[in-house]
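There are structures below to look over.
Across the two complexes that follow, subunit A remains constant while its partner is subunit B and subsequently subunit C.
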Partner chain A sequence: MEVFELEGTRYTPKVVFDVKNKVFEISGDSRPEDTHTFYQVLIDWLSKLHSAAVQGDFKFKFAFDYLNSSSSKFIFKLIKCLKDLESSGINFSIDWFYDEPDIDMKELGEEYTELAGMKINMISVEV
Partner chain B sequence: MEEFDNQSLFNLHRSIIKEHMEFLYKGNITADVVNILLEIVKNKFSEFKMDYSLQKRIYNIAVECLENVSDHGVSGSDIDSIFLIGKVEGVFFIGTGNIINKNVTNSLESSLNKINSLDRVGLKSIYKETMTEQLESNSNDVGLGLIDIALKANNKIDYQINSVNDNQDFFSFQVKINL
Partner chain C sequence: MRFNQYFQYGFWIFFLFGSHLFYSQETNLRSKFDFSEIDFGNDTSVAISGDWEFYWDTLLDPGDSCPNYSLEYLPEFWKNYGVNEYPSTGYATFRTKIKLRRDRPILAFQLGDIHNSYNLFVNNELVRSVGHVATSMKGSVPKWVPQFVVLDDTSEVLEITLQVSNFQHRNGGVQHAIVLGNVDYLLSVKESVSLADLLLGGSCMVIGLFFFGMYFFYKKDKSTFYFGLFCFSFAVRVLIVGSRSLLIIMPWLPWGIAIRIEYLTLFLSVIFFLYFIYFSFKEQTSKLLVQLTSYIYIVIITGTILLPASVFTYFVIPNNLLLLGLIVYALIVYVKALRRGVFGAGWAIVSLGVLLVAVGLALSEYANLFIPSPILVSSAFLAFVFAMSLIFAARFGKAFSDVESLKSAADIQNHKISEQHDLIKDSIRYAKRIQTALLPSITTIHEKLPNSVIYYNPQSVVSGDFYWFKYVESTNDVLLAISDCTGHGVPGAFMSIVGISSLDKIVSTNPNYSASEILEQLNSEIRQKLNSDNHDQVEEGMDIIICRISLDTNTITFSSALHKLVVVSDGKADIFSGCRHFIGSRFKKDFKFIDHKLTLKPDDQIFMFSDGVYDQKGGNNGKKLYLKGFEEILIQMANIPVSEQENYLSSKIKSWQGASEQLDDMLVFGWKVK
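Up next, the complex of A and B:
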C-alpha cells in the first residue's frame, strides 16, 4: 500500500496518499455526487495503515478551493481517523491551506482543530 | 390548453425584468443539471464584477441550494423544479422551488424555523454539533447544508410551503446575500 492516487475532477478533489515519502494530500474542489462513498474509500484506505508496517512522522496537506457541507462532515471523519493513527505510531502534521480572502475556509480549518483536538497549521495563500 | 402567444412571451419577459431575475431555470434538477447551472452562476460573477470572497460565498450557497433540490426533491414528479438568481439594489438572491413529500414538510419547517431563530454564534454552534453528531450517519443530510446557507448568506432564509395535492407540497426557498 505504497501510493493511493486519484486524479482531481471538477467535482472531486485530487488525492495522493504516498506512504513511501510520507506525504499525503487532498486538494481541489469537493462536491462529489455521492460524498459518503467517495470519502469512505479514503477513510478505509487510511485505516489500513494501523496494520501496515509503517511508523513515524507524516505530512498531510489539505488544499481545498471549494468544499460542500456534506464533504466537510467526511473531512472531519477523516481527520479523526488521522488522530486515531497516532496510537499506531503514525503522527500526522496537518497543513490546512486556504486562499487569503476565504475566511469561511479558514474558519472551517480552525473548527476542525477544535473539534478533533488536533493541531492543524493554518496556511494562507495569496490570491 | 391555452396557446402561448407572443403577447404571453412579452408579458413573461416584462415580469422577469420587473422581478429583477437574472437567470431562471425550470426543469428537473439532476446532478448533471446542477453542474450546468453552477457554470451559469459563475459566469454571472464576471458580469457583475463581484469581489473574490463574495463570489466564493455565493457559489457555496448556490451549490447547497441546488444540492438540496437534487438530493431531497421528489424525483420523477410531474411538477418541475425551479432555480433562479437575481440582483436588486445591493442584494443578490438565489431561489429554488421544488416538490417535497408531505411527510418531510414538518421536519423541514422545524429545521428552518430553528435556523432562522439563531444568530451567528448560535448557527456556528449547531453547525459544529450537527457535524459531530452526524459523524456516524452516512446520509447526505439536509441539516448541515441549510445551516451553511444561513451562515454564508448572513441573512434569514425565506421560505413558503404550498400544498399541491394530498401527498405533496411545493417548497419555495429564497436566500439573500448583501453585496
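Up next, the complex of A and C:
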C-alpha cells in the first residue's frame, strides 16, 4: 500500500499514488482504448485506502495535457471516490492544472468542483 | 641452472621470442673451432657454440694479449659462468679462432641477441658495431637488432674478437649462438624467419582489428574486445621479438622503449587472455581469481613502465609461473564450460591443444629434438589464435541460426496478425458503409442549406462524431445537430447510432420541439438506454449542439450540451457556450437545457464542431491548437467562398498536425447566411 505507480504511455497518463508522502498525481495524456478498465484499476486501488491504516491530509494533483471525453467521465468517478475517503479520515486537497489557453480543461475542473462538492484549486499554467 | 633456463626459454619462445633458427652442431674445441672439414655448400651453416676465451672487465682489441682469461661457453649469459660469479652488468671480450678451408663459398655471420651492445672484429677489422660498447653505464648505448655480416676476409684462419658491455639488462652476454654459414643459405633462412614473423604478426593484427570491429558494433560482448586486444598485443610482440621486424622498420626506437614494449606486450597478452576467458565463460570463471591476478599485473605493468630494465626484466619469472597457472586454469574453465554445453567450449579446448603443439614445436628446438621450420612454428601459433577465434565463430553461428529461427517464428506470427488485422479492417470498413448511410447526405443538406460546409474526419475509419439533419416542412425550419459521443472508433460509432436513432425518434414524435426540449428528451432517452441508475458501470453519452434554423427569418435557436457555437460576423468571432451538462449523465436527472436565439445578418457564418479539431496537438511545441487558434482559422475561413472552405480547413489542420498522430474524431459544420 506504499506506492502505486504507472508509467505514462501515448494513451495513458502517468500515475503516482505515494501514500507514504501523501502525494498523489495523475498527469499526461488520457485517451485509453478501454477507459473503463484503466480507471477502474485506479478507483479500486483508492477505495482500498478506506481499510488501510492511513489518515490525514493528502495532496492530489491532476495535470492533464490531453483528456478524451470518456476519460473525463471516469475522472469524475475518481474524484467522487476521493470525496468518499473523507469519511475514513483521508482528506484530499485537489490541484487541477490546466494550460492557460485550454478553456475546456479549465471548465472541466470547475465542473468537477460543482458536481463533486469538493474544493478544487484551479492552477493555470502559462504556455 | 640449466633447467631453469630451459623453463624460461620455453616461455620466451611461447611468445615467439628468440631467433630459434640455428641448428647447433656443437664442435666443442677449446678456444678454437676447426670448420675446415665443412665445405659450406648450399645449405650449410654452423653455430660457433662452445668455449671461447673470456676476458672479464677487459675490452681487448684484435691482437692485444692478456693472460687473464678463462674458457667459457657461448651462447650463455656470463652470470652463469663457472665459479667466478660474474655480475650481470659489466663488460668483457670474447675471443676465438676459426679455421676454414680456403676453397669456400662466400660466408656470412648471423648474430642474434647480444646483451646489450657489441663490437665484432674479424682479424684486425671491425666488421660490425651494434649500440655503443663502454666501460660504464655512461656512454653505453644498448641495442638489439639481429645482424647479418658478410665475411670479406678470405684467410684460412680468422680471429674473432667480440667486445660486449651490458649495464641495463639483468643478463649480460651472448644469448644466441653466433652462426656462420653459406651466405645464400643464411639469407634464405633469415628471410623465411622474417616472413614467418610477419605472417604471424600481420595475421594476428588483422584478426585483432576484426574483433575490435565486432566489439564496436556489438558492445554487449566484451570478450570480443579482449580477444582483439590479446591478438593485437600478441602481434606487436611477435613483430618486436623474433627477427625484430618492428625494430628494422623503426630503427630509431630507443632500446629502453623497445624492451618495454617487448615486456609489456608479454604481460598484457597474458592479462588480456585472462579477461578473454572471463568474458567468454563468465559462469565458469572465478571473478575473485581474475581480480587477484589483475592486481598482480597492475603492479607488474606499472613496474615495467617505471623501473629500470635491470629490475623489470625479472618480472618474466612471476609472469611465467602465472601463465603456467593460467593455462591450467583455462583448461579447467573450458572443460567446465564444455560440460555445461556452453557454445564454443569445444573449440576453446582445441585451441589449448594447438597451443601445446606450438609450444612443443618451439621447445623441441631448444631440447635439440628436431629443428622445426620457422614457418611451421608460426603456423602453429597462428592456428592457436585461429582456433580461439573459432570460439566466437561457433557462438555467432549459433546466434545467427537462433535469429533465423526466431525470425521465421516471427514471420508466421506476423502473417497471422496481418490476417487478423485485415479481417478486422474489412469489418470496420464495412461498418463505415453503414455509418455513412446513417449520416444525412451532403446533397440533402445543400438542398436546404446551400451555403454550408461539412468537414468530417474520423480518427480511425468509423467515427464517434456525427451530424444529424432534419427539414421541418410545416415551419420551413432546419434542425441540425453536431455531436461528439464518448469514445471513438467502433465504440464511438455504436454510440453515434444510438444518438442518431434517438434524435429521429424524438423529432418524429413532435417536429416542433424546441432545441432545448430535444436535448432534454435525448438526455432521458440515453439514460434509459445506457446508463440506467442501478447500473454503475457505464459512463457513456455525448456532447451535442442542436439548432433550429428558420429559413424564412434567418434566425437560429440552439441549445447545447458542452458544445460551443461560433458566429463570425464582419471578421470577428463570437463564441457561445452551451450548458455544462452532458447527455447521458447520471446526475441531475431532469436537467433543464437553455435555448439561445440569434438573429443573423447576411454573410454571417455560424460554426458548430466537436472538440477533436482544437484539441489536436501539433505546431512547433506539440501543444493543442486550443479554441483560440481554431477561432482564428474560422475567421479566415469565413472570408473565403463556402465551396473552398472544406479544403482550406483540411489543409490548415494538416499543417498544424504535422507529423503528430490524430488524437480524436474531427467534425466541423459551417453555414453562411445568404
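Criterion: the second predicted complex is superposed on the first by the 127 of 127 C-alpha atoms of A that agree within 3 Å, B and C clash if a C-alpha of one lies under 4 Å from a C-alpha of the other, contacts with A are read in each partner's own complex, and residues count from 1 in each chain.
One rule holds for everything that comes next: a residue touches a chain if its C-beta (ideal position, glycine included) is under 8 Å from a C-beta of that chain, and two chains touch if they have at least 3 such contacts.
Note that the structure is a prediction, hence the values are computed from the model and not measured.
A.B. asks: Putting subunit B and subunit C on the same copy of subunit A, do they fit or clash?
C.D. replies: The answer is clash.
A.B. asks: One more residue to check, A:K80. First (subunit B), second (subunit C), both or neither?
C.D. replies: A:K80 sits against subunit B, while subunit C stays out of touch.
A.B. asks: Mind working out whether A:S70 is in touch with subunit B, subunit C, both or neither, as first, second, both or neither?
C.D. replies: A:S70 sits against subunit B and subunit C alike.
A.B. asks: Regarding the shared-chain residue A:E5, is it in contact with subunit B (first), subunit C (second), both, or neither?
C.D. replies: After superposition on chain A, A:E5 lies in contact with neither partner.
A.B. asks: Between subunit B and subunit C, whom does A:D57 touch in the aligned arrangement: first, second, both, or neither?
C.D. replies: Neither subunit B nor subunit C is touched by A:D57.
A.B. asks: Determine, for the superposed model, which of the two partners subunit B and subunit C contacts more residues of subunit A.
C.D. replies: B
A.B. asks: Now for A:D44: first (subunit B), second (subunit C), both, or neither, which partner does it touch?
C.D. replies: After superposing on A, A:D44 lies clear of both subunit B and subunit C.
A.B. asks: Just to be sure I follow: which residues of subunit A are touched by subunit B in one complex and then by subunit C in the other one?
C.D. replies: Shared contact residues on subunit A: 31, 33, 35-36, 66, 68-70, 73, 76-77, 99, 101-104, 111, 115, 127.
A.B. asks: Considering only the defined contacts, which subunit A positions touch subunit C in the complex?
C.D. replies: That would be residues 31, 33, 35-36, 66, 68-70, 73-74, 76-77, 99, 101-104, 107, 111, 115, 127 of subunit A.
A.B. asks: Which residues, counting only subunit C, touch subunit A once they are in their complex?
C.D. replies: That would be residues 484-489, 537, 539-541, 543, 580, 582, 587, 611, 615, 617, 621, 623-624, 626-628, 663-664 of subunit C.
A.B. asks: Can you check the complex and tell me which residues of subunit B touch subunit A?
C.D. replies: Residue positions touching the partner: 31, 35, 51-53, 56-57, 59-60, 63-64, 67, 127-128, 131-132, 134-135, 138-141, 144-145, 147-148, 151-152.
A.B. asks: Where on subunit A is subunit B touching in the complex?
C.D. replies: Against subunit B, subunit A makes touches at 10-11, 31, 33-36, 40, 66, 68-70, 72-73, 76-77, 80, 99, 101-105, 111, 114-115, 127.
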